[in-house]
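Below you will find the structure I want to go over with you.
Letters A, B and C name the chains as they come in the text, with residue numbers starting at 1 for each one.
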Amino acid sequence: MSKTFPGNFFEDFELGQVIEHATPRTITEGDCALYIALTGSRFALHCAEPFALDLGLPQAPVDDVLLFHMVFGKTVPDVSLNAVANLGYAAGRFLQPAYPGDTIRTVSEVIGLKENSNGETGTVYVRSVGTNQLDETVLDYCRWVMVRKRDRAAPAPVPVVPKLPDAVPVEQLEVPDELDVDDYDFGAAGLDHRWGDYAVGEKIDHVDGMTIEEAEHALATRLYQNTAKVHFNQHTERQGRFGRRLIYGGHVISLARALSFNGLANAFKLAGINGGRHVAPCFAGDTVYAWTEVLERAALPDRDDIGALRLRTIATKDRACADFPGRVESGYDASVILDLDYWALMPR
Amino acid sequence: MSKTFPGNFFEDFELGQVIEHATPRTITEGDCALYIALTGSRFALHCAEPFALDLGLPQAPVDDVLLFHMVFGKTVPDVSLNAVANLGYAAGRFLQPAYPGDTIRTVSEVIGLKENSNGETGTVYVRSVGTNQLDETVLDYCRWVMVRKRDRAAPAPVPVVPKLPDAVPVEQLEVPDELDVDDYDFGAAGLDHRWGDYAVGEKIDHVDGMTIEEAEHALATRLYQNTAKVHFNQHTERQGRFGRRLIYGGHVISLARALSFNGLANAFKLAGINGGRHVAPCFAGDTVYAWTEVLERAALPDRDDIGALRLRTIATKDRACADFPGRVESGYDASVILDLDYWALMPR
Amino acid sequence: MSKTFPGNFFEDFELGQVIEHATPRTITEGDCALYIALTGSRFALHCAEPFALDLGLPQAPVDDVLLFHMVFGKTVPDVSLNAVANLGYAAGRFLQPAYPGDTIRTVSEVIGLKENSNGETGTVYVRSVGTNQLDETVLDYCRWVMVRKRDRAAPAPVPVVPKLPDAVPVEQLEVPDELDVDDYDFGAAGLDHRWGDYAVGEKIDHVDGMTIEEAEHALATRLYQNTAKVHFNQHTERQGRFGRRLIYGGHVISLARALSFNGLANAFKLAGINGGRHVAPCFAGDTVYAWTEVLERAALPDRDDIGALRLRTIATKDRACADFPGRVESGYDASVILDLDYWALMPR
């Protein structure tokens, strides 16, 4: 039997299957430094130890999006190595914060399967849970991907499409007990606007653009040990659908979040991922811009110091966002590459 | 009111204004590793813990130029986001060394303002002070930049041009009290030449050249959280003055300092920045070379073990420096991109 | 006398000469994070602290190939700055593991010299020993390089070619005493196959390919403080043999080792380097693939829990390895860039 693992195909998954992903990963200060170099992120909580201590945390936590990538990366060799497309995310919750020195593992459960009518691919739904070395959950989220079949003749499974919420209910968002914003330093954070200063429907152009180089997205994606071939192998991608390497959609999420600092500097922590679509592919040389709409402003049960904003951040390529390009009748403006719906925490 | 900050324009500054810059930054071993990867720096003090302990320091300090970039980077969103040009540096002093784990903040004071006769731009002079988490000053320096006006019609301020010294007086250079070079390991440092072996007027060609890639300068500049748009956004720069992204001048300083190891390996610590000009722009694909002239050899008050060299390092692009290209009547040789005048410490 | 060191030429070496290389290097978690970002390595021992603790080690050790590069890098300014080619490796042994925080020094001894008949170059054989801050040897290996003469007229030394073993005898392989695989977590490691599951003659295609960008190999090579000019200076290489920068052969070793995870995930530690040839140059834009043949399966004296596999990993460029391209009568398949023969440890 071959010792090389070619990745799972659609017919290799079964409902209820639990996959313990390999290579637990100790996240270090080195990863955090690289993440700043790769994204330019400036949120004070992840950059400044004293800022984190002032908020009652034991040290500066790992950036939530970096944590997401680390949890996600583990799943790729088993779940999406033969994926045609990463279709969506839902029901994501950031729970215990992760700190440099923590070791992250990921376990996924197959929660849905549906073969496509073409008989060549099918959608696999997984719920992936990232835990730390104390077995505390750091992140829990669902995603679904379109995966190739190895053998067109393999029988289709009974279709099961899980019911996923449109958004994580605010009651299910976790705020670390120890988190205390009494001494939140707005000067250090870089903006005075608090939760109450944001209005539902408000749109914020994050102004800046960031061009991506091949080396940058490849460094990022390898850092997360995400092994999807399309990001790394120009020799095969040259003959592929796009003629070139595709940028990991998560890198676009990172850039959009980093750009959103300009206008959302006090959205200091992510709490939930309600949904996300990689609307169009992104390639080296593209310049990423972003804007955000405030979808909801929700008080949190038991916390009158911190509130949650439900935000929708749209990222585009090669198009500034002063006029907020987004959905058009038949889909999206041609420049849109990401549509991300998430919960962030902000001091009240 | 917009939550997005477009950066300050010339008329937003006033004399005596104090700006507390956002995002304090804990410098980590991760930043130091990246700095080596980005520059190839080989000075033993920053690379080897035992070397630092032998010199009486508690651990290997952060490279002085990396520290400079971290302090500088904080100032960009407030001071130079709308800058046309970074005109000069003066009166820079490295004070308390910084160590991995230290958190750096920067506060700037506007010390001069002078509108240009075209009415479209003006020069802003700031003194920026970087401090650590104990409020000890790690770096104190002045710079001046040409900043665009938002509104041509805004009234010109009373012109104030601060008197800045040609060079930091040697008495004002700081040598950490705990620094002791009795056990300085010249073998580990890589060169036998001491302070007394350098003659005023001596010129040293640093021989090697280093080509810069887009990904490299962008990683470096993001690591320092320097947000100047010209370094990152190819979509807009394509239509700009140069048709391409401009490399952060500080990255050229880093490369010149790293190259200077070959000939100045025992210039183990920077003590002052007397002046600096980014003579011409540098772009990805350019190869940086450097040479140094010894301007002064100064004894330090109260120290007979360590001396200071005043050095002038010239960096060029795409031109070897065996014949020391520098000033010509009307300016500089066309290859010159940096002219930096600084104080370095060396064992006597 | 010039303070700039131009590197040694063939006639500068003498038999028995001992060279203490400069710039001891404290390896940090930052270096380890960058190594993952540069290579995509996924071996659990180097990625996960708890995995290392389960194996009886005090913390996650530095990846063996990263350690090799750090030890090797120190030697370049003295040994191979003027090298025409890196000809081979032999007799390499990984001894005391290295951990983040350890400081590595390298000392080389000249063990052979042979001028080439053209009178322009000669082969220098060195044995390089890397030690940690406690003077424990971490790596000991031989390599030979072809070095230019400064002066064609310089007399040829008495030729001495050291007798180097074809392979490190299995009795000389070091397994750290504290290493204990009773609690080896095969799920975390990512593969079930143990030492006994590999057959002599078995060939494993590692499937994936990794494209190299200029910024990536330059970052890697600078991280190791390897100063060989051919990797960095496009201004001179443009006029050189290949018209472009050459990728450090060690970066190809890193990629081949990282790719070999797919099929050899339990080859958790390198123990010896028997031989290695950089068969052909590699350039930015090339995509590296790899496959491995099992040459020997050796029991280790005094250990019935761990065995050694002698492996031969071939790396190619721009050619998948499903049909195992390697030696052909007159040399190698045109795609082959690396032929590496080494010992790895695996749980029995």
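Some notes on this structure:
Convention: contacts are C-beta pairs under 8 Å (C-beta built on N, C-alpha and C of every residue); 3 or more make two chains touch, one makes a residue touch a chain.
Predicted model, so just to flag it, every value in this text is computed and none were measured.
If the chains shown are joined wherever they touch, the resulting network links each chain directly to all the rest.
Because chain A and chain C carry the same sequence, their contact can be compared by residue number, and under half of the numbers here are used by both. Inter-chain spacing, taken between the CA centroids of chain A and chain C, is 36 Å. Counting partner chains per residue, chain B shows two or more touched chains at residues 28-31, 33-34, 213-215, 219. Listed in rising order, the residues of chain A touching chain C in the complex are 2-6, 20, 22-26, 28-31, 33-34, 77, 101, 103, 105, 133, 213-215, 218-220, 222-223, 225, 227, 229, 232-236, 245.
Residues of chain B touching chain C in their complex: 28-34, 36-40, 42-44, 47-51, 60, 187-191, 193, 197-198, 204-211, 213-216, 219, 262-265, 285, 287, 318.
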